[in-house]
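Both complexes shown next keep chain A, but they swap its partner, so chain B is in the first and chain C is in the second.
Moving on, here comes the complex of A and B:
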C-alpha cells in the first residue's frame, strides 16, 4: 500500500472584525498605569479596611488584632490593581465581549513598532519577556547581594553587634528568599523565554499572553517582599518555620503574599514552557535531536509545576494562621509544626534542582561550541535529567532528619538522597566526557564550565556528607550546611548562569560581552567565592550554628576570612555588572553567529526579527555535528586489518 | 581478500569496527596514547593530595574539643571515611579539568577555531566505568550510613554501653525544655530538681526528653554529637553516654527569634560522686 500526501485546499479563515486601533485598551496601559492603579487600590483597601479593624486590641502575641489581615488585603489589592493597570485582564474581557484578537492586535501586543516602550508594557513577544526577566533577575541579585554584604559585615565584626538582632534576622531571611527567587528565574526566565523558542525553531511561546502574565505577576510579587523590611521584617530565615513565623510583625504578610503570587507566576511559566517544548518544535526536531538545554528547561519546568504548589499552600495556610487566627501550624491550638516543615521542603528540595539543572544544561549546550566536539553521550545526559527529576520528589525529608518527626524515616530518605547522586553523576560524566580530548577555545563562557564543574563537585561531595544521618547530626543547622548550599546554588547555579548569559549575550542584546572586563569580574568572584565558602566550611566543622550574629571566639578567624572573601565577591560581581552594562550600551554590533554554533537560535538574524525566522527551519540532525573522526579509531581499524592479515597468513 | 566490513557507517554514529582487537590489546594501545600517562599520574597525585583533607576535617572538628561520646566518635569516623572514599572522584574531576586546560591544546582569539576536536559521541567503557564506580561509591556510602545510623541510634538509646560491657549504672532521664532563649534541664528521678546547666555523670546512659514551650529550638550538645529539635507540642527523645570528663558546649541549632545566637549553655560531665553531691546541693534526692 502506498501512502500519498493529501493536500488540503487552503481555505480562507474568517478574520475577526477589527475594533478600533490595533491593541485597543492595551495601547494606553504600561507599567506606570499598573503601579498607579495598584497603589490607588491598595490605599483605598487600607483606608476602608482600617474602618473595620478594632484598633487598640492586641492578641496573645502582642500584635494588633486585624492588622495583619488588613495588610494582607492591602497587598492583595496591590497585586490585583497592578495587574488590572498593566492590562492583564484586557484579554479575557475582550474575549467575553466577543472582540477576538485580529492579526494586527496580536502584532501590537507583541510590541510591533513600539521601540523601547515595549519593555515597559504587557508585551507578549518572548524576546521582550526574556529581556524583562534578565533585568529583573539582575535587580534581585543586586538586592540579595547587598543584603549578603550586610550579613557578612555583622559576622566579620566579631567584637560588637552592628545591627539590632531582629533586623539582622530580617536581613538573613530576606537575603535568602530574594536570592532563591532570583536564582529560580535567572536561567529559566531570560534564556528559557528568549533563547529556548528560537532554539526549537518556534515563532513564539505556545501561550504568549500567559508569558507576559508570568513576568508581570513576578514583578507584582516583588514589592510586597521588599517592603517587609519596612514593616518589621521577616525574622525567621527564608524557611519561616512555624510557629516562630506567627510571632513576626506584619512584614511577614509581605513574604507570604510574595510567595503565593510568585507560585502563580512559576506555575504559569511552567505550563507555558512545557507546552512550547512539547508542541512547538520545528519540523524534524524529534526527541533525540532536541538541544540539551531545552531538555534542562523542560526538567526544571516539570519540577516547578509539580512542587511549587506545595510551597504556595504552606504559605496560604501560614497566612491564614497569621492573619485570621487559624491553627494549622500552631501546636498550642492543635496544629503541627512538622506539617509545615513537610509542605515547605516538598518544594524546598526540588527547588535546588530547579535552580541547578537549567544552568547545567546551558553549560552543556555551550561547551560543545567551545570544544568543537559533540556532546558526550546525549542519552546519558537525558537519563541524568530524568533521574534527577524523578528522585528529587523523594528526598525532602533529609532536611528534617533532626526534627524528631520520624527517626525511622532517616533510613529510606538517606537511601533516596544518596541514590540521587548517581543520576547527578551522569551529568558530571557528560561534562567531563565532552571536555575529554577537546581542544578548548578559552573564552569566558567556557571558563564558567570549568568553574561550575569544580564547584559542583565540592558541593556534591559535601552534599553526600549531609545526606548521611549520623553526619547530619553534627552538621545540621550549622555553617557547614550554609557553605554547602552556596556551593550548589551560587557556585554551580550563579556561575553557570553567568556563563550562559555571557554566551547568549550577543543574541539577546546584539552586542558582544566585553571579554576582558567580564573575565576579570568572573575570576575575582570565583576565587573570592572559594575563600568565602571554604572558610565557612571550617566554621561549620568547628561547630558554628547558622543564623547567629554573635558566636564563640573560636570561630573568629574563619569568619574574618569569609567576610573578606564576601566583599571581594561583591567587587567581582560589580566588575561583571559593569562589563554587562557597558557592553550592552556599546555601539559595536555582534555578528549573528559569533561562536560558530550549530543550534537554531544562531542561524537567524541579530537582532532577532519579530517572528524569529523568515521561513521556519526543518531539522535533519541533532545540533552536535562538530568534530573530525577520531584519529585513534582509524589506527585501531588499521590494526584490525593487520591482525586479520596475520591470521590469514598463519593459516 | 578483506573480510572487514567496508560499508560506511550510519551518518549519526561513529564508525564501529566490526572486529575489534581483544581487551588487553586495546588497553595497551590506550596506555600508549600520549595523554594517558600524564593523566594517570596527575590522578594519583591529586588523590594523594585530597585524601589528607579527611584528617584536616577531623582536625577542624576537634578544635573545640575531642569527641566526648561514642556517638561523636562514630560521626567523626564516618566523615573521615566519606572524605577518603570520595577523594578519587574529586581527583579525577580535578585531573580532567586541569589537563584540559594544559594538555589537549588551547585556542585563543575572537574567531571560532577552525580546528575541530575528535567527534567522540560515546564511549561504552568509560560510561560503564563511571556509572559502576559512582554506583559502587553510592552503595558503599548508603550501607556505611545505614549501619552507622543503626549504631548511633542504639548507642543513643543505651542498648550498647560505651565500654561494650553491660552497664551497671542506672540510666538518668532528663527533661530538656527550650524556651526563648534559655534551656532548662529537669531531673525527674532526682527529686525534680531543675538547672540551667546540664550536669551529668560519666559513663552513665542519659536519656533526653526534649520539648519546647514556644517555638522550635534544636538541642545541640556539640562535643557529644547530640542533636534533636525541641518542638512545641511534642516530646522528642534521644540519648547519649558521655565518656569524657569536662565541660562542653550546648547550642541552639534552629533559628528561634531575637536572641537565638545567645541561647547557649554548658554541659558538665562529672564523676558519679561529684554528681551525687551536686544533686544534694540542688536539694534533690540521691540517685538510687
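Moving on, here comes the complex of A and C:
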C-alpha cells in the first residue's frame, strides 16, 4: 500500500518508506552530543597523534612540525566529531542509502513540536537558523568587543605596560578576526536566513539541511579560534602575513582551522542564498519587484561564494607550510610571501563589501517604510550593487602598495579602487535621495540610517585618500587606516545591523523592541564611536603606527580620548543589548505589521508559522508603492462579501 | 480547475518532502550544483595560481625538486583518463535511465563507481611514490597539493556514484525523476576539467622559465 501525505493543501503525495520515527537519528542528537563527541574525538586524536608524531618533531628543514601537525589534527578531529555528534552526516548517509526524507521527517527536522529545544539541534527551519545566527553574532561581537576593551586599556594607559607585548599582539589579531567573522554574519546570517525567504514569499530556504550545516560549521569553527590565546596566540594581526605565520606559536593553527571551516560555512550559505533568491521567489515577483534587501543579500552571497575559497586556500596552504613543512610561503624553499598576500586580499577586500552591502541594503529597505515613499532610483541602487560586486574583485592590490610587490601595478589598482567609490557613491545617493522631501517617521531604525550615512561618508572619503599610492606611502600601517576601516566596518556595518535588527525585531521575536532604552544605547554608541575613531584619525595623521604597544607622548591625548570613547561604546552596546534581551523576554506582543510595511514578510502572522504562509502569495506590484492606491482595495469597496472572500484567495 | 488539468498535475511526480513537482526541485538543485562548481573552481584556481606564480618566480632558485627529479607525467594523465571514463560512464547511465533502460543505468553507475575507485587508489599510489617529499621545494609542494585536491575530488565522485546504485534500488531514481543522477554526472564533468588543469600544469610547466631567480633571503633569524 502506498503511503501518502497531504502537503500544503494539495493532493496526496506518495511518501517513501518511513524508517523508524520521523527524524530518525536526529531525534537523539543535539549540541550536547556534538560537543561530547567532538571532545572525545579530539582527545583520542591528540593521544594517538602524540604517539605517532611526538611534540618537538622537526622536519628536514628544522621546522617544528610535530606540535603544529598534532594540534591541526586535534582541531580537525574536533570539527569532524562535533559535526557527527550534532547529526550533520545523517543527511548524506540517508541520501546515499536512498532513504530520502518523508514529509514527516522534514517537519521534525524543521523543529515541529520541539519547543525551545529546536534551537539546540540540527534544525532546518530558516527561522530557527536565523535566530541561531543572531545569538552567535551577538556572542562573537561580545567577545570581540571585550578584546577591543583590552586593546584600548593598553593604549589608554600610556604611563605603563598592562599586557605582555606578545599577548597584546595576540589580542589584536584575535579581536580582528573575531570581529570580521561577526560582521560577516551579523546581517546576512540572522536576516538573510530569517527574513529573506519570507520577503520573497518562500516556505523555506532552497536547501534547508545545508542551512543548518552552514550554521553548525560556524559554531564548530569558533572554539579553535578562541583557544588560540591559550596556545601562544595570533601575534601577526588578523591578516597573519607570512612568513610570520609559519614562525608563530601553535595558536596559529586555531586561526587556520577556524578560517578553513568558516569558509565552508560561508560557501554553503552562499549557495543556499543564491539558489533561494533565484529560484524561489513568489509568483509575480519579477526581478524589478524584488525588495532591495534581497538584492543586497544576493550581492554579498555572490562575492562570498566566488572569493572566499581564495582565503580558504591561503589558510590551507599556510597550514600545510606550518604543519607539514611545504614551501608555498617559505622563501628559502622557493615559496613567496607575496603569493599569500595576493590570495588573502583577493577575498580580503571583497569581504569589506560582504559586510557593508547587506547592512546598507537593509537600511535602504527600512527607510522607505519610515519615509513612506518609494526608494529613490531603485535601478541606480541595483547598478550600485552590481558595480560594487564587479569592481570589488579588481581592487585587492591597494592593500599591497607598500609590500614591494609589482610597484607598477599600484597605479591601475589605484584607479580601480577610486572607481569603486562611484557605485558605492550611488548607494549613498540613493539613500539621500530617498530622504529628500520625505516625511520622516523618526524611530530607532531610522536613526541608524542617519548614523550609517554619516559614517559611510567619513569612511568612504578617507578610503579614497588611502587608495592613492602617494598618500598610502605615509598612511599605511598607521592609526589612520585603523580609523578608516572601523568607520566602514563598524560605522556602516554594525550601526546598519543595529537598525536592521531593531526594524525586524518584532517579526523575529514577536515582541516590540524597547526603543527608549535601545535609542539611549544607540546614541551613546554613536557619539562614543565618533570620539574613539575621530581621535584615532588624529593619532594616525600625527604618525602613530598600528599594532604598537609603546608610543611617543605626542600621541597620548588622542589615545586617552579613544580609550574613553571605546569604553563608552561598550556601555552603549551593553545598554542596547539590555534593550534586546529585556524586550525579547517581555510580554508586550508585537502586532504582525507594526510599521505598516508592504513587503511580504510583514503580511504573514507573527510568530511566523512553520511553513510561513498558509497559501503562497502572488505579487502584483512593486514593494515600495507607498502612496499609490491599492487596486484591490478600490475594487473591494464595490464587491459583495462573497466576492471579497474569493479575492482573499487570489491575493 | 478543469478535470483535465487536475489529472495532468496528478501525473507529475512530486517531491515527498515539499510536495512541489520534481521538475521544480530539480531546477533548484541544478542551480545549487552550478554554484558548488563555481565555488570549487575558485578554490582550484587558487591552487593553479599558486603553482604558476611560484613556477614563474623561482624564488631563491628553489622551485625545482632536488636533482631535478620531476614527477613522471604518465600517472597524471592516466588519472585524468580515469576521471573522464568514469564521467562518460555516468553520462551513459543517465542516458539509459532517461530512455527507460534501467540495466544501462545500473551498469553505467557501477562502471563509474569502480573506475572512480580505481582512479582514486591510483591517485593515492602516485602521491605515495613521488620521487620527492612535500618539503622539497615549491614544485614538490604545489604538485602534492594539486594531487591532494584531485584525490579529494575523486573521493567525492566515489561517494556520489556509489550512491546511485542504492538510490536506484530504493526507487529514488526513475525515468521520470533522474535529476540526481544528472547532477552527479555534471559534477564529474567538472572534476574532469579540474583534474585536467592540474595534470596540464604539473606536466607541462616543470623547469621554471626564470633562470635568473630573485633572492629574497630566508626571513629566518
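Quick notes
In this section, the second predicted complex is superposed on the first by the 600 of 651 C-alpha atoms of A that agree within 3 Å, B and C clash if a C-alpha of one lies under 4 Å from a C-alpha of the other, contacts with A are read in each partner's own complex, and residues count from 1 in each chain.
By our rule, contacts are C-beta pairs under 8 Å (C-beta built on N, C-alpha and C of every residue); 3 or more make two chains touch, one makes a residue touch a chain.
On a predicted model such as this, the values are computed, not experimentally measured, just so you know.
When the shared chain is aligned, chain C comes close enough to touch A:16, but chain B does not.
Once the two structures are overlaid, the count of chain A residues touched is higher for B than for its counterpart among chain B and chain C.
Of the two partner chains placed by the overlay, chain B and chain C both lie in contact with A:332. Using the contact criterion defined above for the overlaid structures, shared-chain residue A:324 touches chain C, although it does not reach chain B.
Of the two partner chains, neither chain B nor chain C is touched by A:387.
Of the two partner chains, chain C is the only one that A:103 touches; chain B does not reach it. By the touch criterion defined above, A:243 lies against chain B and chain C together after alignment on the C-alpha atoms of chain A. Once the two complexes are overlaid on the shared chain, A:307 sits against chain C while remaining clear of chain B. In the superposition on chain A, A:254 makes contact with neither chain B nor chain C. Once the two complexes are laid over each other on the shared chain, residue contacts for A:377 go to chain B alone; chain C is not touched.
On chain A, the patch touched by chain B and the patch touched by chain C overlap at residues 243, 247, 331-332, 335-337. Chain A contributes residues 165-166, 169, 235-237, 241, 243-244, 247, 331-332, 335-338, 369, 371-380, 402-404, 407, 410-411, 414-415, 418-419, 421-422, 425-426, 428-429, 432-433, 435-442, 450, 453-454, 457-458, 461, 464-465, 467-471, 473-474, 476-478, 538, 541-543, 545-552, 554, 594-596, 621-622, 624, 626-633, 635-637, 639-641, 643-644, 648 to its touches with chain B in the complex. Residues 5, 7-8, 10-11, 13-16, 59-61, 92, 95-103, 105-106, 203, 206-207, 243, 247, 267, 270-272, 274-275, 278-280, 305-310, 312-314, 316-317, 320-321, 324-328, 331-337, 339, 342-343 of chain A are the ones touching chain C in the complex. Contact residues on chain C toward chain A in their complex (touch as defined above): 6, 9-10, 14-19, 27-28, 31-32, 35-36, 38-40, 42-43, 45-47, 49-50, 53-54, 57-63, 133-142, 144-145, 159, 162-163, 166-172, 216-220.
Those residues of chain B lying in contact with chain A across their complex are 1-4, 11-12, 14-15, 17, 19-21, 25-26, 29, 33, 35, 57, 60-61, 63-64, 71-72, 74-75, 78-79, 82, 86, 89-90, 92-94, 96-97, 100-101, 104-108, 110, 112-113, 115-123, 126-127, 130-131, 134-135, 138, 141-142, 144-146, 148-149, 151-153, 210, 214-216, 218, 220, 222, 225-229, 231-234, 236-238, 249, 251-262.
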